[in-house]
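Before we start, here is the structure in question, set down as structure tokens.
The chains carry the letters A, B, C and D, assigned in the order they are written, with residues numbered from 1 in each.
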Amino acid sequence: MPAAVQQHIPYSFLDDYSEAAHPALLSALLTSSTTQQSSYGQDTLSSDARRLLREQINLNDSQVDIHFVPSGTAANLICIAACLRPYEAVLTPETGHIVGKEAGAIEVAAGHKTIIVPGTVRGKMVPGQLVRTVQRNQFFPHAAKPRLVYISNATELGTVYSKSELRALSAVCKQLGLLLMMDGARIGVAVASSAHPEDERPTLADIAELTDIFWIGGTKMGALLGEAVVVKKTLPYADDFVFHVKQHGALLAKSRVMGCQFAELFRDGLYFQLARHANDMAARLADNFVELGYALYPDDRVETNQVFVLLPEELIQDLQERFQFYVWDSLDDGRSVVRVVTSWATDPMEVDKFNAFVRQWTI
Amino acid sequence: MPAAVQQHIPYSFLDDYSEAAHPALLSALLTSSTTQQSSYGQDTLSSDARRLLREQINLNDSQVDIHFVPSGTAANLICIAACLRPYEAVLTPETGHIVGKEAGAIEVAAGHKTIIVPGTVRGKMVPGQLVRTVQRNQFFPHAAKPRLVYISNATELGTVYSKSELRALSAVCKQLGLLLMMDGARIGVAVASSAHPEDERPTLADIAELTDIFWIGGTKMGALLGEAVVVKKTLPYADDFVFHVKQHGALLAKSRVMGCQFAELFRDGLYFQLARHANDMAARLADNFVELGYALYPDDRVETNQVFVLLPEELIQDLQERFQFYVWDSLDDGRSVVRVVTSWATDPMEVDKFNAFVRQWTI
Amino acid sequence: MPAAVQQHIPYSFLDDYSEAAHPALLSALLTSSTTQQSSYGQDTLSSDARRLLREQINLNDSQVDIHFVPSGTAANLICIAACLRPYEAVLTPETGHIVGKEAGAIEVAAGHKTIIVPGTVRGKMVPGQLVRTVQRNQFFPHAAKPRLVYISNATELGTVYSKSELRALSAVCKQLGLLLMMDGARIGVAVASSAHPEDERPTLADIAELTDIFWIGGTKMGALLGEAVVVKKTLPYADDFVFHVKQHGALLAKSRVMGCQFAELFRDGLYFQLARHANDMAARLADNFVELGYALYPDDRVETNQVFVLLPEELIQDLQERFQFYVWDSLDDGRSVVRVVTSWATDPMEVDKFNAFVRQWTI
Amino acid sequence: MPAAVQQHIPYSFLDDYSEAAHPALLSALLTSSTTQQSSYGQDTLSSDARRLLREQINLNDSQVDIHFVPSGTAANLICIAACLRPYEAVLTPETGHIVGKEAGAIEVAAGHKTIIVPGTVRGKMVPGQLVRTVQRNQFFPHAAKPRLVYISNATELGTVYSKSELRALSAVCKQLGLLLMMDGARIGVAVASSAHPEDERPTLADIAELTDIFWIGGTKMGALLGEAVVVKKTLPYADDFVFHVKQHGALLAKSRVMGCQFAELFRDGLYFQLARHANDMAARLADNFVELGYALYPDDRVETNQVFVLLPEELIQDLQERFQFYVWDSLDDGRSVVRVVTSWATDPMEVDKFNAFVRQWTI
């Protein structure tokens, strides 16, 4: 019996990748394991997954290619390497994952400059600031050429772009000759979010229409690993994308492992169902906090599966004996911002225990 | 039911990664899946695997670090990036996987020059040629500085270094101030090979002693994915190795997936057992060829799981209706070199069918 | 007769590299031209220059190496490439030349991430902000490792570090395990500046003591081309620096051309004499502006050879018919910030004409 | 008085860059030095030079751009960076300067794989071998994609492509979808060579027609520094070429220094006159060797300014007391291959002394 099973540790709300995989995915892996398959993405399981994904985004195989890569950092660096010439730069919000959490992958492995677009609103890039940043970086040939806009959805703060916001960004990009890329590590909880009115919620098809390249995260939505990169064939050199995948060590011999899981996630809507679960669990936590008078951060909304909340230090310490979560930032008034993350795997009973604990401590 | 299962295709001897994973590994993944684990390699499953691997190589955790990465190309490029300064070059046999099969990963993603050491013997680098190549590349500061020697074991031709051969290479490297690295995509079949007399068969511990960095392939020995990189702490900046893993997108959030499988492979010797199976199946194919008078290539020995054999075109065509394999090269005399690869998963009945087919065709 | 001589254009205060070279340097080039010299920096003219520079910085050849490269961008990218491992980052003020004026050279050609240290004071990095930025970038192994601090002296705004300021930065760097690098494109006007009290003016020797690597600009101080990089041998791999120079195409076959000019600049103090001239000319312009009531920018001091001044649009337009200079920024009140640059070659009569023009226009 | 002038050293036939610059070029630099000029290649001297070069190559400014860079390594790495996508490789003869004499600039600074085309004839690439090498590197997406062919003219062995040879290579490139690039460090002696019949001697215009990008060497033909890169606008992204120049530190603020010299070299045919001088001096050396019975290497022809000759060790040692030259390779029979290089600056009297010395020693 593996040691891990025996260990007793506080329940984790640290992140959305603490469990391995949804049973349906493991089962599909098991079922298909002994069938012989072609390697390097040419297998029938991956073909299946591609077909199912293309149905979701409403584009056919003459319009998009889909590639599976093993990690979010791989997805980001490969997308950026494929989109840009050496003197072209990627524009990103300061909170972008590629800025401070990928160890310089964009600059070193992909070989491109990143330019910060300051002044996000709730973690989201705003068109006005994008325009100003591009204008400030026009100095031929001394300034690297702004060419690709990188956004995440959901953002690092758990917020979600509305359809109008995406349209506005997309329009500005077209106008300025920029490409638009979306990091979709948490695209599941974004499309499943009810933060915006129904007609303002972008589907995967909307995202495919409004961006030039984006990826659909599997790791944070129940897969052992894998992100599906959607490359629009209107991109220059789109047909050569797989060279970049190979060159960066992301073309798995058994790419079928990712194909198999994505097929399972998208065959009957499991992906969205798991995303809704994550969001529901977060809402349940947030509601309890609000009800008990604790302030959410940065404002009173939780849009996806990340709850940021201001708690007194004493409560935090007591909570930490029973639950794991990150302390994000400390204020001067004895309170700290705490991040509580739910996921596809979050146990509702643990959420209830967490809520009960906070309630009991408070009242 | 996944489409793949229904498909009927000729049995594949194309490569050693046509099946997904050994059932014991899938079972371990299933069992541990719901336990919450730390991410990015800090999980207990990976700790287990590291402990088991350290036992194999007879070095403790103050002597080596072990990192799991998702692919062989990732392993190679990251090892090379970690070992070299920008002006330092890697020396490789012409048949090295990094030369023509990694899409420029070493040059572009790792950022280093490769220098070919010509004149291999049976796919293996020979010390004399290494010395000469290093001498020819001494032209300060105009020639990139030779610094790291890359070899594969088993080689791309399926041959295996004897202990004496490894010792000789290692000694030359030390003498010339070079580091020695081993690509272990097929290290399993190498250490399980009986090509050399028993006291000339390097174990994993011997390899750890004689090299500075090497990796143990999981993908080609029954894992869904994963290669275990063994980094000796005598390497400059060894403690920062994981930065390179992260920077190249190879630090999986659920690194546990690789840890879990490696623990399973090395808990009770499964890794070696699977390797022996692969070698046995290859021997069975080779023996049949030899018995029927077909010449093996480049000479009369098969050392691991790759059988190269000269067959008449007509036989090849008939065989291809029943079995998949690569035609490697064509001679002028109506014969071609064919590569038949066995693996941990090769079905002995299919080997027997293959042998019977060849026998029947011939006699 | 070359076409350029005939052309009639407004006198330029655009930059400090509008003229080719000081006559003494051209004369030295002419005198030594027919002597045969070793190539790639091994010539006696460069040896001479190195000896003279070492006298200036008070360090011998077992303590420093000196290399000549053809441009400031080459100097910056090569220094950074030589100081850092791939996962290490360079910290720079937002106004740093490497941020927006080198087309991504640091990221792409050198292969390193740049991290902005916000909150400069008069264009100069402040230790407190450096500490905070380093703290914010500690997230092993997800954040690139802060390792090298880049500053310019004079800064892009023409300001100069005092000895105390340099000492404080240097102390913080030592404490945090950071290397300190100075871009000396305009180091001449910096060391010749009288902005600080005499005992607070860093000499080249002080700069050599307080930094790990820095360069002395020739291009902006009377040379056709050439920057002298001073590499302290305490830097890891200092002896291999020239590999980086060669690898980036900056090792000139006739490196003597730079050696010859630097020898001339430093044989009898010409370098400092030219720098003082540039500063004096700037002061003369600044005094006139102040006397006539125009506000300097960002405050009332001009420290080196760049005068930033707020002028009404009408004056700017009239001035531009007679003189060239850059309009830096436009305010809402009908005024703009104008940059007027003087140099080693600035004609005092043109300065007087400029001053007279402004005076006449104003009064 | 500079130290260099006083030194007494044996006359050098080591290379073609031992002297600084032709007096006419220094004079032009002196004359134009005080005129104010725009920076970064926008000066009128560079415009002049470009116009004169365009006349030579018979293409107008809508057909080609011309950029000046400070060194041959810079020219090579920038051309290659501008022509290729990350997964594309450059094909080169084994003797190519980029292979062993640029410290990994192509791989590391430009970021591209080099593939050796074996089997040159007299140092020149042959179309058949090019085709075979391209065929061997077709393995999508595992092998880097062959895309650019690099040749030098004159080659590293001093040989010259005939017009037919260039046409044949160019045709093969077109047929295979490859770009053709020529390293013109010694293009002067190549176009001035009489090795081929008159109608088989490619002019600069022929070279411009038959290649996609090439450069005209200044450093080895009388300039202090500078190579003129000719970029055909049919190249993808040709308009962005200068970004690469800037990004690699090769865009000199005083680019005029190179423009001025190139204008002088091409105003009245000085470039070709100097090239003929270099070739004549080499012929004079070669004739003497042949007359005295010494074997030239690799065969009995000297095509440009490099004389390779087989001499007995004793003669070499005696010669080295009076003259400098490189010993290239040593044979087993007591002889060595010696390289004697002439240049635009070679003193005919020293050639005669050299010849007399050899004659006296021999007879």
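Just so we're on the same page, contacts are C-beta pairs under 8 Å (C-beta built on N, C-alpha and C of every residue); 3 or more make two chains touch, one makes a residue touch a chain.
Treat the numbers as computed from the prediction; the structure is a model and nothing was measured.
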Taking each chain's C-alpha mean as its centre, the one farthest from chain C: B
Listed pair (A-C, B-C or C-D) duplicating the A-B contact set, over half by residue number: C-D
Approximate Å spacing (C-alpha centroids) for the pair chain A, chain D: 52
Intercentroid distance (Cα basis), chain D paired with chain C, Å: 34
Between chain D and chain B, distance of the C-alpha-averaged centres to the nearest whole Å: 43
Junction residues of chain C, two or more chains touched: 86-87, 102-104, 108, 111, 141-142, 144, 243, 246-247, 251
Parts of chain B lying in touch with chain A, wherever the complex brings them together: 2-5, 7, 9, 11-12, 15, 17-21, 23, 26, 28-39, 43-45, 47-48, 69-78, 102-105, 108-109, 219-220, 224-225, 243, 246-254, 256-257, 260, 263, 345
For the chain D and chain B complex, residues of the former touching the latter: 86-87, 89, 100-104, 106-108, 111-114, 116, 136-137, 139, 141-144
Chain D residues touching chain A - in the complex, by the definition given at the top: 40, 81, 85-87, 111, 140-142, 144-145, 237, 240, 242-247, 251
